[in-house]
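In the two complexes below, subunit A is the common chain; its partner is subunit B in one and subunit C in the other.
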Partner chain A sequence: MTRLPVKKTYKLFIGGAFPRSESGRTYEAEGQNVARASRKDVRDAVRAARGTLPKWAGMTAYNRGQILYRVAEMIEARTAEFAGLCTGRPEVERAVDRIVWYAGWADKLAQVLGSSNPVAGPYFNFTVPEPTGVVGVIAPDEPPLLGLVSRVLPALTGGNAVVALASETHPLAAIELAEALATSDVPGGVVNLLTGRRAELAPWLASHMDVNALDVTGADGDSPELERAAADNVKRVVHGDPDAQSPWEIASFLELKTVWHPVGQ
Partner chain B sequence: MTELERKQDRAPVPSEWTYASAPEARDLVTLQDRYGHYVGGEWLEARETYTTISPATEEPLAEVGQATPEEVQAAVDAAREAYANGWSDVSPSERAKYLFRIARILQERSREFAVLESLNGGKPIKESRDVDLPLSAAHFFYYAGWADKLEYAFPNRKPRPIGVAGQIIPWNFPLLMLAWKIAPALAAGNTVVLKPAETTPLSALLFCDVLRQAELPPGVVNIVTGDGRTGAEIVKSDGVDKVAFTGSTDVGKAIQRELAGTGKKLTLELGGKAANIIFDDAALDQAVEGIINGIYFNQGHVCCAGSRLLVQESIYEPVVEKLKRRLTTLRVGDPLDKNTGVGAINSKQQLDKIQELVASGAEEGAEIYQPPCRLPEQGYWFAPTVFTNVAQSYRIAQEEIFGPVLSILTFRTPDEAVEKANNTPYGLSAGVWTEKGSRILWMAERLRAGVVWANTYNRFDPSSPFGGYKESGFGREGGRHGLEPYLDLT
Partner chain C sequence: MAQAPVLPRGFELPLEPRLPRIGSVDAVALEERAASLAKRSIKREAKVFALDLAVRMMDLTTLEGQDTPGKVAALASKAIRPDPGDPSVPSVAAICVYPNLVPTAVQRVEGSSVKVASVATAFPSGQSPLEAKLDEVRWVVEHGADEVDMVIDRGAFLSGRYAKVYDEIVQVKETSGDAHLKVILEVAELGTYDNVRRASLLAMAAGADFIKTSTGKLPGAATLPVTLCMLEAIRDVHEETGRMVGMKPAGGIRQAKQAVQYLVQLHETLGPGWLTPDLYRLGASSLLNDVLMQLRKEKTGTYQSPDYFTVD
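This part shows the complex of A and B:
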C-alpha cells in the first residue's frame, strides 16, 4: 500500500506566524489553494513590520549580515523544494548567492554611502545611512523566487522591515521562502509575505500612512495610480531593477542623517 | 543654579534698550522699475506683472513678471536648446570654471545682494550679510570643484547629466536656496529653469546679472517669476526631466502626485516641526542661545526651525526664566539696521497664518508670552512668542507655523524625549543639548530626522547633506550626496 503524502497548506506570513487570510478566501495557483490576502491582512502585516522594525534596525550591522547569511543557508538546504517551485535549480542557486552577496553588504554601507563632511567651522560633521522604515514591495511576477529575493534583500540589508506582495501566478516559492525565513534568525515581522490578487492589495499598501517606501518594480501597468497614492505621506517610490545586485539598490531604501557637534575644549 | 546666577537672573531687565540706529546703505542696490523673465540669456518682456514689495514697509519695489504658460515654455525650450547644443559639450573642467566665477562674483557683490535680500524678504541684514551670502557663494564654490570629479563621487557608475532641471524655491532664503538648486544642477551638467518665490523674486533677478558677468552660455540658467501657477507649469512641462522643490509639504505632495508615473526624477525639501531637546546637564546659557537661534533666526521662517522645545522637567523653570529674559533683549525692527535681530514677517499671507495658529494656541489652552517690544506700524510684524503649557495634541505643537513662535513641552527620560520628538509626520531636523557624549549619540541614532544638531543649532555648510525623513521630503542637498539627484547613474 502506497503512503498518502501529507500535503502542505499554503498560508500567509505575517509577524513571523502563518495565518490564513482574515477574509477566509483562497485562490488556486500552481494547483494549490493559496491564501488570498485582504486589506486587513495588509494592515496586519504593516503593523507587524512597524512593531519589529526597532529591533531589526537597531541590531548591529554585523549581526544583520550574519542573520541574512543564515537565510542563505536555510534556502540552500531546501534547494530541491525551491527548485520545484520556481524555474529550477539555477534560479535557486542565484537567489542563494544573491543573499550571500547582500549579507556581506550590511556592515559596509555606512562606509560606502556615508561621509564625514569638512564643514567650514569648528564642528565635527558626519553623515550616516539609516533604514527608511517600513517598505512595501510589489515583487516581480517572475521569476518567482529570484524576483522576490532581488527586491526584498536590498530593503532588508539596509535594516528596513518589509511587506511584500508575492508573485500572483507563482506564489508558492514565496511561501517556501517564508518557511526558510521562519527557521532563520530574522525576527518575526521583519519580512511579511502576502499572496493574493496584487491589483486588489497594492493600492492599500501604496496608500498606507505607516509605510515609508514603496517598491513598484514588480507593478506592471498600474504604477501611476500607486505612485499618486504614495504621495499621501511622501513615500519614497522605488523603480528598481528586477534583476540587479547593487549597493545602490540598497541605497534606495536608506535615509541619510547628518549630525553636527562643535569641536572645543 | 549658583548663587551668582540667581542674582544675575534677578537683576532688573531694562525696560527699553536703546541703540543708535545703524542702517546699512540701501543705495548699494539699484532696482529697475520693471523686470522681465530671464530666458536664453536675454530679458523677455513679461506679459503679465505684479508688484513686489518690502514686507518691512509695504513699499513697492518693482514690477515683476507673472509668467504665463507660454513664457514658461519659452524658458524650458531655451534650457533644452542650451542642453542639446552646447552645454553638454562644455568640458567638465570648463563647467567648473563657470561655477567658480559665479562664486567669486557673488563674493564681490555680496553686500549688494545682502541689502536686496533684506529689502525684499524682510530678514535682518546681519543674517543676509553673515549667513545667506557667504553660504550662497560657498555653495557655488563647493560644487564647482565637483564638476570635473563626478566619476570619483560615484565609483563604478557612469554619471551623466539628466537634462533640464525645473527648480522651485521658497521665500525664506531666496538666494541661498537658488544656490542650493543651481550649483549642483550645473556641476552635474544640466541646464535649469528656476522660479523664485512669488514674494522674493529680486535676488534671483539680480543673479541673472551675475550670470551675464560670468559669461555663462545663454539658456543654461533661465529664471521665470510668478506665483504657484508658474511653478505648476514648470512641474507639468514635458521638457523638464527633473523637478526639485523646496516649500510646503502640501505643495510637495501635490507635485509628487502630478509627477506620478512620469518617470521624472523628483526631490522634495518640505516642512518641519523640529524638536530642540534640552537635558538637565546641558550648558544652560549656551542652550538658551541655541533655542533663540533655533526659532527666531530668520523670524522662524526656517523649515528646520527648532519650533518645539523639549525641556527636561527638572530644569523647566530656570530654562523658561532665562529664555524669557533673553527674549527681552531681542531687537525687532528695520531689517536693514545692523542691530536688528528679528526682522519683518515675509508677507501678509504668512502673517495671517502665524496669527491664526497663535490664536489657536491660546484657544486650546497654552499660555502665551511675548516680550514687551514696539512693532513698527507699517509692514508685517510679529513679536517673538513663547507658548508654555502646551500639550502634544495642540495645533501649535503639530503644525508648522513658520514664524517666531516657540512651543515648550517637557519630558522626564531620554526615551520620552525621543518619543515626543518623533511624534510628528515631519522629520527634517532636531537639536540635542547635553554634556554627555554617549547620550548625544544615543539620541542622534533614535531621532527620525535628516539633520541632528548636538549642542548647536541651525548650522549649514555646502559640504553637509541636508534633507528630510518622512513627510519632510526626500533627496539631499549639499555634499557629495547632493549631486545624486542631478545625475543619471545607471
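This part shows the complex of A and C:
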C-alpha cells in the first residue's frame, strides 16, 4: 500500500506555540496556503514577547549565546528542508554561519559597548548596554531566510524579544525557522513569527504602545507612515540592510545606561 | 437552569428546618449557561458602553497588610479620576479599604461621587466574637464609611448553624444603620453551588443590600458560574418579594474582557434594571488598568502598553 505524505499546515508561531490565525483565514504564497495573521495575532504576539522578555533579558549573556548557537545547530540539521524554501544551500549555510557569529557576540557586547567612565568624585561610573525591550521586525522579502535571520538575530543577541512579520511573498522559510526555534532552547515568546498581509499588520505593530523598537527593513514604501505611527511612543526605528552582519546591528537595539555607584560601599 | 425553589414571602424564621431544602442547583446546566453567556460577541459601541459602565461600577480595592495612608490616597486619586489623560472616563463607584484606613479614605474622596467601603467583621475569616464584629462595624460607620463589606461566619454556616449566621447579619445590618451592607459569602469555602444558593438566600433574607462572592483572599474566588448562581437567587427573591438586591463579584477579575462577560451575564439574568452602580459592583484591584487600556485603545485605535498607566 502506498502512503500519503503528511502535508504540513502552515501556522503562526506565537509564545512558543503554533496557533492558527485568530481570524482563521489563510492566503496563498509560494503555492501553499499560509496562515493570514490578524491584528489580534499581532497583539497576542506582543503580549507573549513582553511576558518572556524579563526571562530572556535576565539570562546571562553567555547563556543567551549558547542558546543561539543551538539554533544554528538546529538549522544545520535541517539544511535540506531549508534549502528548498529559500534560494538554496549557500543561503542556508550563510544563515547558519551568521547565527553562530552573532551567538559569539552575545557575551562580548558589554565589554565592547560598555565602559567604566572616569568621574571626579567618590563614585564608580559605568555604562552598560541593556536590551530595548520588545522589537517589531518587518522582515525583507529577499533573501527569504538570510534576510529574516539577519534582522532578527541582532535584536535577540542583545536580549530583546522579537515579533517578526515574515515576508508576505516568501513566508515558508520563516515558518521553517519557527520549527527550528521551537526545537531549540529559545524560551517560548522570545521570537514570534507572523505570516500574513504586511499592509494589514505592519501599522498595528508600528502603533502598538507596548513595542519599544521597530525594524522597517522590509517595509519598502510604507516606511514613512510606519515611522510616524512609531513616533507616538518614541520607538527606536531601524532601517537595516537585509544582508548585514555587524556588531553595530546589535547596538541599534540596545540602550546604553549609565549607572553611578558610590565607592567603598 | 437551576430550578427556582418555592420561597415563602419574606423568608420568615425559623430558617433552620427549611434552608437545607430550598432547592438544589443543577451544576452542569449552570456552568453551561455561564459559559454560553461568556461567548456573546460584544461589538464596538456596546463594548465602549460596557467598559464605561464597568468603570462606574468598580469598587477599587486595596486589602493588604502593607496598606498605608499614602497608598490609600493614591488609590483615592485614581478612583476619582481614573485616567488623568482623559476626563471623559468617569469616577469609579467606591474604594474599598481596611477599617483603619477609612478616615484617610473618607478625607481623600470628599467632594467627589466616590464612596468609601470598608471591610469589617473580622475580615477575611469572620472568626471573631459577635461583639467584636459589631464594634468594628460601629467604628467604621462612625468614621464615615458609606458601605460595609461583612463576611459571614463560614464555620457556622458549614456546620449547619444557619440561625447564627442569620442573626449575625441581622445585627450587623442594624448596627450599620444607613450604610449599605454587602455580605461576603466567600464562595470558595462554601464548596457547592447548593451552599452558595443557600447562603445567598439567607443573606438576602437577613437584610443584605448586596451579596458579594469573595474576600479575594482565596484562589478560585469569583467565577462566572458562581456569580450566575447568585444572580439567579437574587432574581428569585425579586420575583418573590419585589426586593432588588445588589450583587458584587470580587476576586480574580483582572481583564476588561472578563468584566464585559460579567456584565453580559448580569443583563441577561436580571435585566437592564440592574445595570447601575447602585445594584452591581465589580470588586477588583488590577482590573481598572486593563479597562482603561481597552478604552484608550477604542479611542485612539492603537494597542496600549501598561507602561503608560499608573501602577495600582
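Note that in this section the second predicted complex is superposed on the first by the 261 of 265 C-alpha atoms of A that agree within 3 Å, B and C clash if a C-alpha of one lies under 4 Å from a C-alpha of the other, contacts with A are read in each partner's own complex, and residues count from 1 in each chain.
Please note the rule applied: a residue touches a chain if its C-beta (ideal position, glycine included) is under 8 Å from a C-beta of that chain, and two chains touch if they have at least 3 such contacts.
Small disclaimer: the values here were computed from a predicted structure and weren't measured.
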Partner chain in contact with A:Asn233 - subunit B first, subunit C second, else both or neither: both
Which of subunit B and subunit C A:Glu200 touches, first, second, both or neither: neither
Which of subunit B and subunit C A:Glu73 touches, first, second, both or neither: neither
Which superposed partner A:Arg43 touches (first subunit B, second subunit C, both, neither): second
Partner chain in contact with A:Ala120 - subunit B first, subunit C second, else both or neither: first
Touched partner set for A:Glu30, first subunit B, second subunit C, both or neither: neither
Contacts of A:Pro224 with subunit B and subunit C, given as first, second, both or neither: first
Touched partner set for A:Asp210, first subunit B, second subunit C, both or neither: second
Residues of subunit A that lie at the interface with subunit B and also at the interface with subunit C: 232-233
In the complex with subunit C, residue positions of subunit A that touch it: 42-43, 46, 204, 207-210, 229, 232-233
Residues of subunit A that touch subunit B when the two form their complex: 115, 117-121, 123, 125, 127, 132, 212, 223-228, 230-234, 236-237, 239, 248, 255-262
Residue ranges of subunit B touching subunit A (in the complex, touch as defined): 138, 157, 249, 252-254, 256-257, 259-263, 268, 270, 425, 440, 444, 449-456, 459, 461, 463-467, 469-474, 476, 479-481, 489
Partner subunit A, residues of subunit C touching it in the complex: 301-308
